[in-house]
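Take a look at these structures.
In the two complexes that follow, chain A is the common piece, with chain B as its partner first and chain C second.
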Partner chain A sequence: MASVVRVEPSDDRGRLPAQFPAWIPIVIFIAPAFILYAGFTLFPVLKTIYNSLHVMKPHNAVEFVGLGNYGALLTHDDVFWKAVKNTAIFALFGTVFDVACGLLLALLLFAKIPLARFWKIVWFSPVLISYVVVGIIWVWVYDYDWGFVNTGLRLVGLGSLEHAWLGDPHTALWAVLATQVWKWAGFNMIVFLAALYALPEDVLGAAELDHCGWLAKLFYIILPMLRPTVVSLLVLSFVGKMMVFDVVWIMTRGGPLWSTETVSTYVYKRAFDWNTFDLGYPSAIAVLWFAMILAFVALLIGLLRQRDKMEY
Partner chain B sequence: MRKIAIAGALVLALGGVFELSQKPQEEGITLSIWSHEADELAKVAVRERVAREIERTHPGVHVRITWYDSEGLVVALKTALPAGQGPDVFYIETDWSDLITDGYVLPLDNLIDWGNIYPWARQAWINDGKTWAVPQEVYTDELYYNKDLLAKLGFTLPPNAQFSQEQFLDLIKKARASGVTPIVQGVGDRNYPGAYLLTQALLHKLGLDDYARLFAGHLSFEDARVEAVFRWVKELVDAGAYPKNFMTLKLGESHFYFYQKPGGVMLPMGSWYTGRAFVPVDEGGQPEDFPLGIMQFPAMDDGACNECKVRAVGSSFAINAASPNRQLAADYLNAMSTLEIGEFWIDTVHLQTAVKTQGIPASAHYPGYYPALMARQQGAKYFGGEPTDFLEGACLDTYVQVINSSFPGGLLSVDEALRLMNRGCYKD
Partner chain C sequence: MRNAVIPVKKTLLLLLVVVCSIATGGPFLWVAALSLRTTPEILDHPYSFPLHPHFDKFVRAWTHSNYGLYFWNSTLVVVAAVVIVTLLGAMAAHGLVRYPFRGNRAVRFLILSGMMLPPQMLILSLFQIMFNVGLYNTLGGLVLVYVATQLPMTIYILESFFAHIPQDLFDAAKLDGYADFEIFWRIALPIGMPAVFTTGLLNFIMLWNEFLYAVVLLTDNSKRTLPLGIMFFMGGHQIDVGMVATGLMIAILPVLLLYACFSETMIKGMTAGAVR
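What follows is the complex of A and B.
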């Protein structure tokens, strides 16, 4: 028969020996995450800031230029300012359209429209498609000759409105923006839907007992209670659009005449398309833009911060 | 006993020397090659054939070709080479000259048997007195056309295969009036096709030297001859020369548009047209009975060199300056440049090559094509390279936005286009 040794718990169980400093386990637990963060986030950010102060030459040769890249960027670069303007339009209108469309679709589903489950899948499915595929599909949709938009216009007798949507500097940015909204509205819809179903039923029920109409219920009860969700989605959407690259690159590459050039596509072009190895100037653009995004997000959160907490 | 030991040691030592001399020097070596043009199966077949040949002649060596698309390869090279992680051999184009100036390419003058390469093709890679890459593909800019459609529109090609400015404008107008797209071209995914007509017209008008000065920034775009060319091209554009979906039509789609559906009269393109056209119809190739013709780009009134053409070196290969397998890499490039491979290239890719070949090999599927292409080279004077090969920075960006897309796309007036080009490119 095997003997069983019973170990009595001591007073200092779970504690480290006295000679073992308390900070050691803290370091051990934090180290893996910190190493990953430092290697893949902190170092690239610091390196980019370092690069932005230099002209990069082959074989890691660098020439310190101080704020020279920033000076040139802010004073002599027309394309950069065009890219800033386009990105600002994209971020501002894209964010509003994205969130508004997502909310509208979620409300339709919340109101239990016919075939709600079907529509939920249909509206959400663009989120699951990669940007490359989305871009290619929408270039076809906008094609002058055989695209869905112009073909549709011709079919309904509005052929005079057919247009080279991506080929005209006046419409190209809005055409890309519509693609972006099409892709992301479904994501916002799902988040809003979850928030709608989490609303307290007694508040909504009380409103109905008070004969509150749909619009009044929406504006005076639902939307105020969705405010935290709206703020989160606005910030997320805004940050994403300030960095927009892939959909623009696939659909227009910043053309025609820089009318869809965004800051991200411009950084890429300066880094890889200009037949130069200098990563200093594009790094300066990236750093400046990073600072601007931070400032805008802080501003946005400040503006949308809820001063009085809602109780329900 | 001591003698036996010495004899034994000698035998072992000799055996070791013998073994060393027998052992292939490159045993266990993998020669890594990064190449573009994965989608052009005929070119893939040529390069893989050379790889297998190297493996046969160098026992123990494995040749691994990694296939990229053009953009992916540029990004991979520009990140891998500075990090010392590049391949031994890599595909290179003449507009990637920054790889050379930045020291990532090995000079090849003493490593390659240049007797097999046309001197002018080698010349395209000579910079600072050194040769930096081995050209494999060369091409000329050509104006392909549909013979039946041209005849249907009532036009007959002159004996020199070159229309005048006036005739060409008339052709554009008649084609558009009959509901046919005159010039099939799109810039949806490339930075050069929209520039073919304008740059060829500039070359004819200015001649070799002034054309070079224009793009080197030493001749103003407001020069009267340049302006005249822009005004003529603007007339073509306004007459509906290009498809309405010019801005979004992709290169591959423009081929299909030209020879399949909906069809068009002309397609300006590098002579690497064959890479997409001479494949089976169900893979997007042209129908076997397609009435393909090649005409010269139109002559300019008072043109300084209407016989001038653009000839450029296309796909080429370089050796990484940091490669530990330089001789083996050079062996691969030499094997790529033999007469046998050159003829195999022409026969299967249907495209000019930098390798000296003897005559024109007979092709089973497109017997008349290569002789017709050669006929268009008679008496030609050549300018080496496309503007995108040698422009850089803001000038390149402006060229792509203005000359490649917005001007032929009808978005800019002549004055605005000239102003933008001068702002981007003119240095004096």
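What follows is the complex of A and C.
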């Protein structure tokens, strides 16, 4: 950074106007960012792809195995497939719930409730909070003895339903999913709200004149007009959830019994928790998974090609 | 009949609003209450109001439980990264918008495609690379990684803002004999200030909350950022709920403070730039 600041020629205005070759300012402006980006982002990506074709042994021994890692991954790695299944469930249901809750919140604000601006700020706040904080709060919310969920159930006389929500393999994934929806619904709400306010008012007014009920108005007028927003939010949310790591790692570490293991947490475990020192195999998982995400995005964009696409 | 229906609908609507607000705001208030109470009190009555608030818990967390150190590490890393990424990002965005050189589109595509890269594609080899160049387990190394990973989004937002500044302004400045960097420093940057500020806020929040890169690239207790510190504390003291809650509040407060001052900017920025 310091070298960049020194370039500032604040005292020589008029003396050297554009007498350098034209490429010099271009390099000065773009090179620092590009070099840093290339060194710490592009290069590691290429290195990950390279690593995925190798097996790394202790003492810096590296052995080329071609697509061997990928073969092993696809044919005899049960945990990987469990992780794929969990991630798919998480991405699919998480996306739907996220977008649906966001839409509900946005419609509430759009219905001209009192103090709407204040509620908007409150409902958006979870988006800004770290997953470490959110995850720990929700681990407490699910606590068997004094967590909010079980306490609430006992309070209303449904004590028989109390449950170790994060401890039971059948409920753990859904419990984590609920936390994730809680955090991100507000994000979708804001995007929906902007889209709602951009709707042509005369159409909504005409519907009101025709005594169109609010449910009919929602399903026949508002939702069809929001379609581009819904589509881009679905894609955005789905892609984000295919890579989910933080919330799972913080709340369950993939347990119990791999019931919340996602592809990302599995990659992390294979690389850093198993003490195998082999970065090749987890790299293969990461590359394969990234390729699947890209393929999926390409497919979706192809299917839903239209003017109001996502802002990628 | 119409009149009779409306209050019912209105009441239902307001009920829904109250439920949503309790659902989103409730957990924060709960943690705020927990952070002022001791663990024995909490285990006795998890949901009572802090009748005898223990403000000294914050002092103890800060000094005895290392939260002060974690907070300082986080501040150092995040502020350095935000300053660098904003400056480099603004320069690159300006360069990409104002200089239609050969290869401009290729460079732009390469950089912006970084917004779609999952961290998992980087983190494994980044660990290896940082280790080899001696940046593993250093705060400076983490700053560089943060800058690199936040650059695409920063450039994306700034570029679309800079592109709206009329070219005439730059042509006029050039005629007046302003040098290239001066044009950036005196014209593009001041006019682009709102967008620069938004990206700065956005990057601050995202990096303040960042977990994955930090957990992979830092190991020393003395170098942990706040999220890592809290996780570490949580692991080591599973039972000390009260102290963990105090730590959570220490992590939330700066964000809430910023949010209270700049809520609209942050809401707009998050939804404009957070492609994740």
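The criterion applied here is as follows: the second predicted complex is superposed on the first by the 253 of 312 C-alpha atoms of A that agree within 3 Å, B and C clash if a C-alpha of one lies under 4 Å from a C-alpha of the other, contacts with A are read in each partner's own complex, and residues count from 1 in each chain.
Just so it is clear, contacts are C-beta pairs under 8 Å (C-beta built on N, C-alpha and C of every residue); 3 or more make two chains touch, one makes a residue touch a chain.
Nothing here was measured: the structure is a model prediction, and the numbers come from that model.
> Which partner does A:F272 reach: the first (chain B), the second (chain C), both, or neither?
Both: A:F272 reaches chain B and chain C.
> Touching A:A216 in the superposition: chain B (first), chain C (second), both, neither?
neither
> A:W258 contacts which: chain B (first), chain C (second), both, neither?
first
> Have a look at where A:V191 lands relative to chain B and chain C in the superposition and call it first, second, both or neither.
second
> Mind working out whether A:I113 is in touch with chain B, chain C, both or neither, as first, second, both or neither?
second
> Tell me which of chain B and chain C touches more residues of chain A.
The partner with more contacted residues on chain A is C.
> Per the contact definition in the header, classify A:L74: touching chain B only (first), chain C only (second), both, or neither.
neither
> Looking at A:D168, would you say it contacts chain B, chain C, both, or neither? Reply first, second, both or neither.
first
> Is A:I129 contacted by the first partner chain B, the second partner chain C, both or neither?
Second partner only.
> Do chain B and chain C touch any of the same residues on chain A, and if so, which?
In chain A, residues 146, 272 are touched by chain B and also by chain C.
> In the complex, go through chain B and note every residue touching chain A.
For chain B paired with chain A, touching residues are 74-75, 78, 82, 95-98, 101-104, 187-188, 243-249, 262, 391-393, 396-397, 400-402, 405-406, 409, 411-412.
> Taking the touch rule as given, give the residues of chain A at its contact with chain C in the complex, in rising order.
So the residues of chain A in touch with chain C come to 1, 4, 7-10, 12-14, 16-18, 20, 22-26, 28-30, 32-34, 36-45, 47-48, 51, 105, 108, 111, 113-114, 119-133, 136-138, 140-141, 146, 148, 151, 182, 186-187, 190-191, 194, 236, 239-240, 242-243, 245-246, 249-250, 263-264, 267-268, 271-272, 279, 282-283, 286-287, 289-290, 293-294, 297, 311-312.
> Chain B touches which residues of chain A in the complex?
On the chain A side, the touching residues are 57-60, 79, 139, 142-147, 164, 166-169, 255-258, 269, 272-277.
> Along chain C, where are the residues that touch chain A in the complex?
For chain C paired with chain A, touching residues are 13-14, 16-17, 20-21, 23-25, 27-28, 30-31, 42-43, 46-47, 83-84, 87-89, 91-92, 94-96, 99, 101, 107, 110-111, 114-129, 144-145, 147-149, 151-152, 155, 174, 177-182, 184-185, 205, 208-209, 211-212, 216, 227, 230-231, 234, 241, 244, 248, 251-252, 255-256, 259, 263, 266-267, 270-271, 274-276.
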